[in-house]
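Input: a single structure, listed below in structure tokens.
In this document, chain identifiers A, B, C and D correspond to the written order of the chains, with residue numbering beginning at 1 in each.
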Amino acid sequence: MAILVNNDTKLCVSGITGREGTFHTLNNKNYGTNVVSGVTPGKGGQDVEGIPVFNTFHDAVEKTGANTAMIFVPPRFAADSILEAEDAGISLIIAITEGIPAHDELRVYNHLATNPNVRLVGPNCPGILSPGKANVGIIPASFFSEGNVGVVSRSGTLTYQIGNELAQAGFGNSSIVGIGGDPVPGSSFIDIIAEFEADPETELIVMAGEIGGSAEEEAAEFINANVTKPVVAYIAGFTAPPGKTMGHAGAIVSGSAGTAKAKQEALEANGVRVGRTPTEVAQIAAEIAGSLKTA
Amino acid sequence: MAILVNNDTKLCVSGITGREGTFHTLNNKNYGTNVVSGVTPGKGGQDVEGIPVFNTFHDAVEKTGANTAMIFVPPRFAADSILEAEDAGISLIIAITEGIPAHDELRVYNHLATNPNVRLVGPNCPGILSPGKANVGIIPASFFSEGNVGVVSRSGTLTYQIGNELAQAGFGNSSIVGIGGDPVPGSSFIDIIAEFEADPETELIVMAGEIGGSAEEEAAEFINANVTKPVVAYIAGFTAPPGKTMGHAGAIVSGSAGTAKAKQEALEANGVRVGRTPTEVAQIAAEIAGSLKTA
Amino acid sequence: MDLLEYQGKQLFARHGVPVPSGSPATTVEEAVKAADEIGYPCVVKAQVQIGGRGKAGGIKVAKDRQEAETHSKAILGMDIKGHTVHEVWIEAASDIAAEYYASIVFDRSAKRPLVMLSTQGGMDIEEVAENDPDALVRLHVDPLLGFQDFHARRLAFEAGVDADVVRPLGALLTKLYDAFIKEEAMLVEVNPLIVTADRQVAALDAKVTLDDNSLFRHPDNASLRNVAAEDEQEQMARERGLTFVKLDGNVGILGNGAGLVMSTLDVVAQAGGSAANFLDAGGGSKAEAITSAVEVILSNPNVTAVLFNIFGGITRCDEVARGLIEAFDQIKPTVPFVVRLDGTNDVEGRKLLADANLPNVHTESTMLGAAKKVVELAG
Amino acid sequence: MDLLEYQGKQLFARHGVPVPSGSPATTVEEAVKAADEIGYPCVVKAQVQIGGRGKAGGIKVAKDRQEAETHSKAILGMDIKGHTVHEVWIEAASDIAAEYYASIVFDRSAKRPLVMLSTQGGMDIEEVAENDPDALVRLHVDPLLGFQDFHARRLAFEAGVDADVVRPLGALLTKLYDAFIKEEAMLVEVNPLIVTADRQVAALDAKVTLDDNSLFRHPDNASLRNVAAEDEQEQMARERGLTFVKLDGNVGILGNGAGLVMSTLDVVAQAGGSAANFLDAGGGSKAEAITSAVEVILSNPNVTAVLFNIFGGITRCDEVARGLIEAFDQIKPTVPFVVRLDGTNDVEGRKLLADANLPNVHTESTMLGAAKKVVELAG
């Protein structure tokens, strides 16, 4: 199974002809992802190592049946590209681009919310990897193998760190989903955890949050009410000073809101165990997995 | 039964303190409509012959449980009032106001379309009368009695004319719905005909269309595909010259589009009988009703 | 409300849509002065709200002052399909490499703005749409989201415009959409939209229809109303706040409610007659409004009989009767009237008329009967 | 990016939000000249990005030129909670009848702008919200629909503003929302929003936070960055395109990816240490970027040890190693380094470091181990 990206994924990459776009597209393709097309306005008719390039998403969808989009264009063009993908009927849009203006994200989020047939993951995210099936984005697939732990995270490298520790503890992954570090992520922890809950392959869920916003607190309540599978959490940013943006546009403690401590407390109050370090997360996961096997 | 307005209607009137607003509100109340409140910004706390007036729709809904709004404010304030009613949770908004800018209507229509729990009837319409139950708007109720004919019309007086001829032919009405003569009516023929189709009390449907747009053609196809009850139609404007707005902002033949002839042909091609005069509509209705009784 | 070409271009320019420079002129002297300022060659263009100006000789290139004068003289005062040319637009001549077509219409059916683009500009777009539908690219825009860059690109690529103008054309379309929304237009049309020899895009023509109901928000636009081109009778009706359309027949019509009046015209036609006008006296008409409306109807010398078809709802039949009596008192009409009063206070209204015993006024009890009677009287 | 009060007011004024007239000044002479032009009484206001200016003596009314000079002298150069006053704003004094509060924040949780209004302005709004929650009216706006008149009315009526200012206050809120959207702000706050004795409304203070990611669309706003108020080291990092935050500790930190760096700070703290900075070298960092980052880290004299925590994804560990070697070559650091390299090309990276045999550079294989080691070395 896995969630969101898998063997049915037909990927179209916006910005495929850019340096980074080409590099990661081919990387994804080499992993086995079915990359069917790309979009670069004005370069329609060209190809990138055999992958056909179109001027518009509408052309790409019509001619290659793309159902998933990866957005790799610079920030000033990204919102438009996401809206175009949605308009063309793409059902899953994964936006890697970092630095999209917050008001663009707001507009995109609210517009996409009127279409129940589309999901946006990101922006400012590393993408989604379903080991053994498909990789869409920039997650280094070699660290991860197939398995039963679903990972959802606001941070890329932190995901790799935790994933690596899990791998060393003997765990593989159903899917690894980066939801991104921006103020208005297209998908929340709740959205992805709900997918993992419904995914038969996933037995354990790891979520890696960080300071800023209230997505972790909302997820905590959602988990308590709706999730039957065990969830282990990690929160980064306990020592972050208030009012400072810690790299991710969304990682900022505003006044007393969005602190790591508040998030940890909310999670624990709702029965979610929180690891103090990435290593501890892996240890807790191992412990729970052990008890699952005994049960 | 009847449709849309009935004994459950709790009406709040926007513009209740205006001259026309007061007159028709009391008229509706005297008919038996449950008028629970009115809205006039700045006049909150006053009353109109015992009907409490509020500053906002939100107050009116919270304090009087209003579920239906009638919009009676001047055109420049009407779109805002409709949006306010929707925002306050009103589920049926009946806009009488004539002369609302077309782009306001466009914005309102597209915004309301994102809320499945609200229906707008009008603007530029005479309202809805469900004889014996409730009257919301300016339809002169004395010409109509309870019965089984549902009437939906783009025109006010034409409705009275047809209704009167039906009454003289011995028919009463389940509901009479004016959808209004503007370019972007909140409810279309299809919307109202679907309500009549679902209403057990309605046995026969009369629709009165006119030149402009393609609502009648769309209704024709809808009727053919979805309506089991007999429908009789009338179209006004066979002799209207192209390019001229015939009173209603929406009544204009643009080039070869929107002619009465095209509408008549579309209706007849889809099995809907079209009367050439209001009198003939009543005659056809009588004929069909007769055969219904024999059947 | 329809704008003249140059008014449309000035409106476009306010929103950054590129248009050639030009000046309007109502006299030959003004025209020549404008041409001198703009330089030669320039184009003298008749400003009338009708298509086919070029074929009718209403658009001429002037290569020097002499030609500017000759052409202005010829065009000012010219009649084009019944429209007298009161004004010309003197415009810098453009070096045209390609002619495209672009428009945005208020699509009632889809409830969205519809943007259209074609590379086959400069000709009748309805013909293009009929003969080669794929040549006209059509795209609806969600008005809450607005016109996005991807809409512009999609239109440009699907229409197959030259690659080097995809961007400037997209920018033009974005501004045109902005004009459409901000000015509350029902139609903006650019035909031809030209690509110049130096690969610029510009609107070489402009057809703009504004929403009359929105003009209170746009006083500058409201003042553009081309009163000179308006029918005198229609102007008179508009000034009196009446909803009026002049028609070709001889039966004057007054009714209440647009649908009922349209229906009345149809029934008169079925009875073998022909209406001289559409006149909706409106809901709740008072006596003075009726009197005023009768004056407008009778200002048309073609009218040989008048039909009042009233079904009173808000409108009270007694008020209508009073208005008619007052009109007879003031205007003393010489043509016969047929009056059908039904609905609110119809008994009172009919009694008032009977008591007044107006000359040559006939009452009828049904719409059909009234139509037959008036056609008979109109002759 | 946070604006100074007067920059915020100038931004408001561009969108029609009423603000008192005023002029900025960086010297006493300029201040007095501005005061003369504005007239007396006027107000001398310290321009620093921190609350509590009034209590700290940074806001003074000058009733004449003499006072304008005295106050400007006192305020320019003053230190307010660690912020030096480099600039004052001379403003016409307002005759205040009531103090309200208004703000619009980019509400991440609701994904909508949140508009707030209270009649209890002029004080700490977080206190108002806590002590009397009903006194702060909160309303979310659908950004696709925009701020409507009914939003303004609802805020005004529910907050209970004086009846005679419902309309002007609504107009002010509409313009404030316009500013929020058009300027792509994360926050606009007016506290106090005053009603004057002659019943006008105006923004007497302005707090504006703009979205850094949107500044490419707003070059005028981008130029407002208050470099003087910025930490020197943070400025150096920004100019080099590094994501950097200065902290209080002594352990210099470099990592890749914001989450991993935040986690590194936490783990260092757990090991008993304290980070001197947050520095995200970013994805795909090349050697030069690493070298440049080391320079920034070491420009802080508090740093007694440096931790590299790299988990390579796009970032290649060999590039990081090369950058570090280059940095040692150029800068010759005197503090110990602990390096943890994992992920893409980690073997190559570790080998490069081993071969280079840099003085006082320790490699560790785990994040926890590296954190413990660097804390030990930092002392």
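What we mean here is this: a contact is a pair of C-beta atoms (placed from the backbone, for glycine too) under 8 Å apart; a residue touches a chain by one contact, two chains touch by 3 or more.
Everything numeric in this text was worked out from a predicted model, so none of it was measured.
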B-C or B-D - the one linked by more C-beta pairs in contact: B-C
Intercentroid distance (Cα basis), chain D paired with chain C, Å: 55
Euclidean distance of C-alpha centroids - chain B vs chain C, Å: 28
CA centroid of chain A to CA centroid of chain B, Å: 48
Junction residues of chain C - those touching two or more other chains: 142, 144-145
Numbers and ranges of chain B residues touching at least 2 other chains: 107, 111
Arrangement of touching chains [line / ring / star / complete / other]: other
Pairwise chain contacts, counting only pairs that touch as defined: A-C, A-D, B-C, B-D, C-D
Touch list for chain D against partner chain B, complex: 142, 144-145, 148-150, 153-154, 157-158, 163, 166
Residues of chain B touching chain C in the complex: 20, 75-76, 99-104, 106-107, 109-111, 113, 126, 138-140, 143, 153-161, 164, 181, 183-184, 208, 210-215, 218, 234, 236-241, 244-251, 255, 260, 276-279
Residues of chain C defined as touching chain B within the complex: 106, 108-109, 111-113, 126, 142-144, 181, 184, 186, 211-214, 216-217, 243, 245, 247, 255-263, 265-270, 274-275, 278, 280, 283-284, 311-315, 342-344, 366-368
Residue ranges of chain D in contact with chain C within the complex: 144-145
Contact set on chain A toward chain C in their complex: 41-42, 44, 55-59, 77, 80-81, 83-84, 87, 107, 111
